[in-house]
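A, B, C and D label the chains in the order they appear, each numbered from 1.
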Amino acid sequence: MTTLDVLGLCGSLRKASLNRHAMRLAGELMPKTMQLDPYDWREVPVFDGDVLAAGLPPAVAAVRERIRRADAVLIATPEYNFSVPGGLKNVLDWTSRGDDQPWNGKPVAVLTASPGPLGGARVQYDLRKVMLYLNAMVLAKPEVFIGMAATKFDAEGRCTDEGTRKFVGDQMVALERWIGAVQRMRG
Amino acid sequence: MTTLDVLGLCGSLRKASLNRHAMRLAGELMPKTMQLDPYDWREVPVFDGDVLAAGLPPAVAAVRERIRRADAVLIATPEYNFSVPGGLKNVLDWTSRGDDQPWNGKPVAVLTASPGPLGGARVQYDLRKVMLYLNAMVLAKPEVFIGMAATKFDAEGRCTDEGTRKFVGDQMVALERWIGAVQRMRG
Amino acid sequence: MTTLDVLGLCGSLRKASLNRHAMRLAGELMPKTMQLDPYDWREVPVFDGDVLAAGLPPAVAAVRERIRRADAVLIATPEYNFSVPGGLKNVLDWTSRGDDQPWNGKPVAVLTASPGPLGGARVQYDLRKVMLYLNAMVLAKPEVFIGMAATKFDAEGRCTDEGTRKFVGDQMVALERWIGAVQRMRG
Amino acid sequence: MTTLDVLGLCGSLRKASLNRHAMRLAGELMPKTMQLDPYDWREVPVFDGDVLAAGLPPAVAAVRERIRRADAVLIATPEYNFSVPGGLKNVLDWTSRGDDQPWNGKPVAVLTASPGPLGGARVQYDLRKVMLYLNAMVLAKPEVFIGMAATKFDAEGRCTDEGTRKFVGDQMVALERWIGAVQRMRG
């Protein structure tokens, strides 16, 4: 039995990001058939069509291939100004280019954490719309919104909230099933 | 009589961007009371909260102050993957930080151009939602969508389509009125 | 000094609707310069263009004129299936017809209540997009989301939560200012 | 070989609706394995939770069962005020109730027609968001937007535009495949 390779993309670059904590939590709570590999996309430059015309920058080619190789992608992201963080969107913009873009048919799960009470409720649907364009297969349910997230992780980034552990764990179980369902669908 | 200073933000970095052409067209067709100043935001780095904690990078401080000084901002942007280009969103993310963020109460107009038939219909509402968070005052009507834009500008970037000239010119007249209305509103 | 006439539209027809409770609360907490008049739109039939062609049904003509006469409209609505309740949207669809539609330039405030934790976070932006088409002037801030609303009103529909009272009261104060600002804007 | 039963829901009640024409066109262009059955939802009353508590009205129970029985649903809808027509949304609101709601896992395709140039670009994503809540399986691509639709159908409602015939026919072929993919996915 091969382990399912789940690429982790965090929408925040901040070291102590609440979403980075949430992503790590998802990695811990995953079924043993899955393994999370967080990806550092910091070196991806801002998209410029003139640069693209001259060839993919190495950091873009790297993330593109890493997505392609993954069995699934987990996106954990904050909400910036009611929508997708520009940096994360920029990674999606670069990797959407070319006929062989790597998101096509890829199982994806989304979770969001925020210091406020809504937990990222506004960003998830914008992100799903982007993923629709990319033809990714985004897990529908359960949705995970971690509101008041600063109160749910300790100084070391460990989750101290049972409800959150349950929601995130349930989503990872659903993601495992979803990967299987998408594989059956693609025949 | 002082001239109204309209800052231009193009969502694409590409030199021959259709939206850059459209923005230039808006500058030409503006009432004589207004003057467009396109801004090059290329040097703005990808947002990182740890960098912010150490102080605003110079390119961020510069665009922030330029927005603050403007009487209005015109955003001309492509649609990337059904939403706001990551690079442009990143500029908005940076400039949204701080209690004195420069978008608060600022008159804004949005136009979009695309090679396809819809002309950016999907991106405008995502961008308006972001602007709502920023408390900017976005002109409601007329909306401008320049579809099939590659057929409406020549090799030098000049608009060859009368309909487009009319729509863009009408929007600039409406923006002039809107600046006045917002000034009255703010007392 | 004339009292500001605020029309109340509740997105739910249910008698014990949490949003009806929230609307009543807003009426109680309004500045004394404002008075809330809840409107019962139950008789508005489902929109049919063939019916419109034969003339506005009486229930539609009535709500249309009532909106026109109001100084502002307060919409308190649940979220149904991540978006605007069909019945409320249907009232908006009918009243949007005709060159003299009554929403044009009308100050509007939106609040949402829900039994779940998000308090209607998904519906507010869809409703704002509809209001954009109608050229209504929707108050931007403060947003009011009443999550876990069933725990915040008693059996008689009275609000028992101080935080909710404060948020709703603050929004009504902001609406009063917004009505003045829109009046100045319109000259 | 059994024929695939495709239920048709038109977002407009108007007899000469452009979307009704477009739905009929989809029925003609479907692969021979599929058959379209347009459904008249006119008798569905406006949703009221107090009515629901007393039992489903007959018109609601009927459309609910009809959806459940279908192999797929085709929704052809206009855009009203930038979003889903209230009447159609109301049908979705009613049929979303109960643990055994009929949309769960149902293959769905969406097409939109409008007299204006955008062809319903704004409504499709709101409708997809609603369908996400319902856990329906909405065909991602190809999207079909029929802009300037009044010029593409004759007085008898027959499509006179080759491009439109091709787009709609391609979508129906994709829907046939999608039904099979969803069946494989559900195991």
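Here is the rule we use: a residue touches a chain if its C-beta (ideal position, glycine included) is under 8 Å from a C-beta of that chain, and two chains touch if they have at least 3 such contacts.
Predicted model, so just to flag it, every value in this text is computed and none were measured.
> Comparing C-D against B-C, which pair counts more contacting C-beta pairs?
Contact tally favours C-D.
> If you average the CA coordinates per chain, which chain's centre is most distant from that of chain C?
The chain farthest from chain C, judged by C-alpha centres, is A.
> Please tell me the distance, in whole Å, between the geometric centres of chain B and chain C computed from their C-alpha atoms.
So the centroids are 31 Å from each other.
> Quick one: chain A and chain C, Cα centre-to-centre, how many Å?
Their C-alpha centroids are separated by 36 Å.
> Report the inter-centroid distance (CA atoms only) between chain C and chain D in whole Å.
29
> Touching two or more other chains, which residues of chain B qualify?
Residues 82, 122, 125, 129, 132 of chain B touch two or more partner chains.
> Could you list, by residue number, the parts of chain C that touch chain A in their complex?
82, 117-119, 121-122, 125, 145, 147
> Using the touch definition from the top, list the residues of chain C that touch chain B in their complex.
125, 128-129, 132, 135, 140-141, 181-182, 184-187
> Give every residue of chain C touching chain D within the complex, in rising order.
Contact set of chain C toward chain D: 12-15, 17, 42, 44, 46-50, 80-93, 96, 122, 126, 129-130, 132-134.
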